[in-house]
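Here the chain labels run A, B, C and D in written order, and each chain numbers its own residues starting at 1.
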Amino acid sequence: MKIAFLGTGHMGLPMARNLLAAGHQVTTWNRTRARAEPLAEHGARIAETPAEAAQDAEAAITMLADDEAVDEVVFGDAGIYEALPQEAVHLSCSTISVSLSQTLAEAHELQRQRYVAAPVFGRPEAAQARTLKVVAAGPADAIELCRPLLDAVAERTFVVGEDPSHANVVKLCGNFMIASMIETLGETFALARKSGVVAATFLDVLNGTFFGSPIFGGYAKRIAGGEFQPAAFTMALGLKDLRLLLAAAEAAEVPMPAASQVRDRLLTGVALGRGQDDWSAAALLAAEQAGLQD
Amino acid sequence: MKIAFLGTGHMGLPMARNLLAAGHQVTTWNRTRARAEPLAEHGARIAETPAEAAQDAEAAITMLADDEAVDEVVFGDAGIYEALPQEAVHLSCSTISVSLSQTLAEAHELQRQRYVAAPVFGRPEAAQARTLKVVAAGPADAIELCRPLLDAVAERTFVVGEDPSHANVVKLCGNFMIASMIETLGETFALARKSGVVAATFLDVLNGTFFGSPIFGGYAKRIAGGEFQPAAFTMALGLKDLRLLLAAAEAAEVPMPAASQVRDRLLTGVALGRGQDDWSAAALLAAEQAGLQD
Amino acid sequence: MKIAFLGTGHMGLPMARNLLAAGHQVTTWNRTRARAEPLAEHGARIAETPAEAAQDAEAAITMLADDEAVDEVVFGDAGIYEALPQEAVHLSCSTISVSLSQTLAEAHELQRQRYVAAPVFGRPEAAQARTLKVVAAGPADAIELCRPLLDAVAERTFVVGEDPSHANVVKLCGNFMIASMIETLGETFALARKSGVVAATFLDVLNGTFFGSPIFGGYAKRIAGGEFQPAAFTMALGLKDLRLLLAAAEAAEVPMPAASQVRDRLLTGVALGRGQDDWSAAALLAAEQAGLQD
Amino acid sequence: MKIAFLGTGHMGLPMARNLLAAGHQVTTWNRTRARAEPLAEHGARIAETPAEAAQDAEAAITMLADDEAVDEVVFGDAGIYEALPQEAVHLSCSTISVSLSQTLAEAHELQRQRYVAAPVFGRPEAAQARTLKVVAAGPADAIELCRPLLDAVAERTFVVGEDPSHANVVKLCGNFMIASMIETLGETFALARKSGVVAATFLDVLNGTFFGSPIFGGYAKRIAGGEFQPAAFTMALGLKDLRLLLAAAEAAEVPMPAASQVRDRLLTGVALGRGQDDWSAAALLAAEQAGLQD
């Protein structure tokens, strides 16, 4: 397929490479052009603007940092909105707000383009290894059209409905679940350690009882070892996602007190100048508040 | 080994049966004698008092409801404290407070008895199937003495230290982690459903992404299906455990805001007269607070 | 002075009347024109658009519901932004976000207009009785220019700085303090009542010990008597203000866990369909969660 | 009247002096005898044990640190329980748990003694100036008997019921209200300051709008000025009272999420080694979490 790929950062670069490897014809664009250039060796064309990349694409994939970036790439000067052909699909893989996703759905429909929200679970290594999990929502035919693309970048795609914003809700819920588990781990490690239990021993019990999932086990290991650098996902990004979650929850009139609390923990990290630490460093805050020194 | 088994309720009965099946010589006692009697067919002797059961035992196992019950069975009239021979072990499997566990450790030492705290993770079915996980702490020689007993009732034993109360801390942390996950599930299901995502679809995503562990998957399934009856572990018991956790945390000077919040959720359930529902019904409270009707 | 008065609702109407009574020349505009008409009898001119009202005013006062309304009246079609003369002051009395206030300050400066943020504490009766308290911030000369207007509508004006948004921060903090006091009252009344203390007795103690301020005493009286209708300030409006507060706090990187909790309480009220109750009905939620029936 | 006065610390000493000044015949006892001796000059007799002080008293007043101290002075060796004559009143002025107060009521009844709970609001200076406020509960005749004593130590007595523990509930609620106000002040000062508002200016607004009561104004002044030393009431004591409050609330099945949060704030202070700071230093924690440096 002819694809425009917008945003070749830590996540986008390996995803675009996998699309090229699967035989798709990819035109990329990135705000900092140098970060897109490695793809040229793999056969990608580099465009000067999002519009140029999108102009004869069957699908435009956006993999960008936040609402502002997506808004700019879609609706800004030389954005894809005017350029993308009718019937083509905007496959939006970024973690963005539910309200922007709803806005995009409506806007693309006016333009007779199609819109699929398809945020991903996974880190850069998973993107590289093609083990991402995608949560997709949108019109069934549009999702079918994107299927080869999704298969090229992800291990598995969960289709959660026809309303694109449903995928964003599910993605934000997922990130909250991780952050909440980190908070709980942080508090329990603080108590266990301060009570005299060795962190590695506590980790063994957790691994042997609760943690089938590599997600929880991985965070517990970081926390047990105090390894908050380098960040795989920063506190600042975690805060952003919790903010989006709570905004969606307020719009839907759903009180989420645990999410509010986790948000405040991440905000504390950011306020203390640790926004670039891994978000598992929320556990460090819990330990410090307990008077633990290291 | 010659064992006294005190407390043959939902958990204790199958545990005692497994000890008999493993060839141990068991004398049981239960406050309501009728609930101990089925064990007679399997070869157990039924004692009239805890003291009578303990008087020539090598190990006395307590599997009781709460601090009050353990206190009574150990230190009350005809309790095991005066009766248990020197060098014998009190193997305390109940989920009790850190402070009572510390008191027991000191008291048994005065009497030249030994004390091992060994609370268990698992439900009655796991007790029956011998798939419990035990978290044990105490003097190494005492734990070794109990090893055949632990192997007879559990799939695996985690030894977390020489100070018995460490096992209680770990057990309470584990129950908090489950309760916290329930709270998080409750909030996310409420948001997902109110946003229009089908609960079963959301469950599929969770199972396919986060949940390797049967613990989380099992609770998520209950919540997705609204199956809060019959209770496997009640809100009232969950509240008790969170209370014990927070007491231990205050004694250790460890603030646990997420645990406080989860405690308040369980207390709300109890205040509304739902203390006998499964503790996963905390999710029902979250849904109701979001204005969801079923 | 020649004044444009935009927004003649419950608060704006009596304020505009007081300005007329003080001898100012007032041109009013209101989205629903009928609500402005009573002012004609007192000598006001009714304009068809905000721009028409502002076109030769020395000061334009906005007293509107929320950010959206202010944005529309200022920057929308026939808004005051293009119409207000150079050197004239926009006196913004609405409770709006810190970020909109900052945007307005910058925008008016570009246009060589002046901008003062002057949100008010007080209810419609206070507006009528001219006992409002105003929190004002902006350039000193602009505030001086507005002084006769402030004196005509308020009992007292607190100048909190030259940066207009400071007034908005202080106003939002004030509303949070009230909401927090309501939450605390709600919880304590629930405990007192459920423990058997008569609500009126508890109120007497509070009045005789803590409550010099009519604000707290007034809310405590409502809560003690269960008088949540008619609403003087609704849960929905309280929720809006807490949302603005938390947005300002996040921008300033200030964790406010108590504010998050109060927000969730108000959101629960709104989710349960009680958004139009007085915000003191947060106390009713606390009582209900305690299992109290009335 | 013939009075036994047990506990002549910061609060008890001036209270006992006021009783002597009012012409009562006082026998005092204090764990550290030296702290009772200044009263001898004012005519008090110093007893060697609580029992000796109580043996022919018409009323025994306890003004002690906590549950443990009261328990010891009443039920311990040479405690007042066996010594106090029938019909005499135990007037319990300490801030103790609801459950201990209930235990005392039942115990004294068995002994045909009378029991009145009468915790006080106010600090040592108020005790000296006789401006304490007392919250009393107990049998009407017993309170009448104590009336001259209450009048001698307090400005005003609020009778809140016949069940003594009601007074303890009300007292604990009062202390929670103060702590909650401190938390709210702490968060708002942090936001105001970090947004650029001068603390003294913010204080002026609060004083001019919300704060009729000297209680809130006094704390706000401390917080605005960063004056957390010397402590008038420590974080450690505040934590104790919040713990008692939450225990009473759990017994009554009343969820108090704001109280849980305030408790966690005070516990953080204690965990960080600041338990002897004034409890208004909770505001310092809020400021620090916001990244403010002083």
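Just so we're on the same page, a residue touches a chain if its C-beta (ideal position, glycine included) is under 8 Å from a C-beta of that chain, and two chains touch if they have at least 3 such contacts.
None of the values given here were measured: they were computed from a predicted structure.
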Identity of the chain that, by mean CA position, is farthest from chain B: C
B-C compared against C-D, more contacting pairs: C-D
Whole-Å separation of chain centres (CA-atom averages), chain C against chain D: 38
Centre distance in Å when chain B and chain D are each reduced to the mean of their C-alpha atoms: 38
Distance between the centres, which are taken as Cα means, of chain C and chain B, whole angstrom: 52
For chain A, residues contacting two or more additional chains: 249, 253-257, 261, 268, 271, 289-291
Chain D - residues contacting chain A, complex: 257, 268, 271-273, 289-291
Residues of chain A defined as touching chain C within the complex: 239, 243, 249-250, 253-257, 260-261, 263-265, 267-268, 270-271
Chain C-touching residues of chain D, taken from the complex the two chains share: 98, 121, 133, 135, 156, 158, 160-161, 163, 165-166, 169-170, 173-174, 176-178, 180-181, 183-185, 187-188, 190-192, 194-198, 201-202, 204-206, 208-216, 245, 248-249, 252-259, 261-262, 286, 289-291
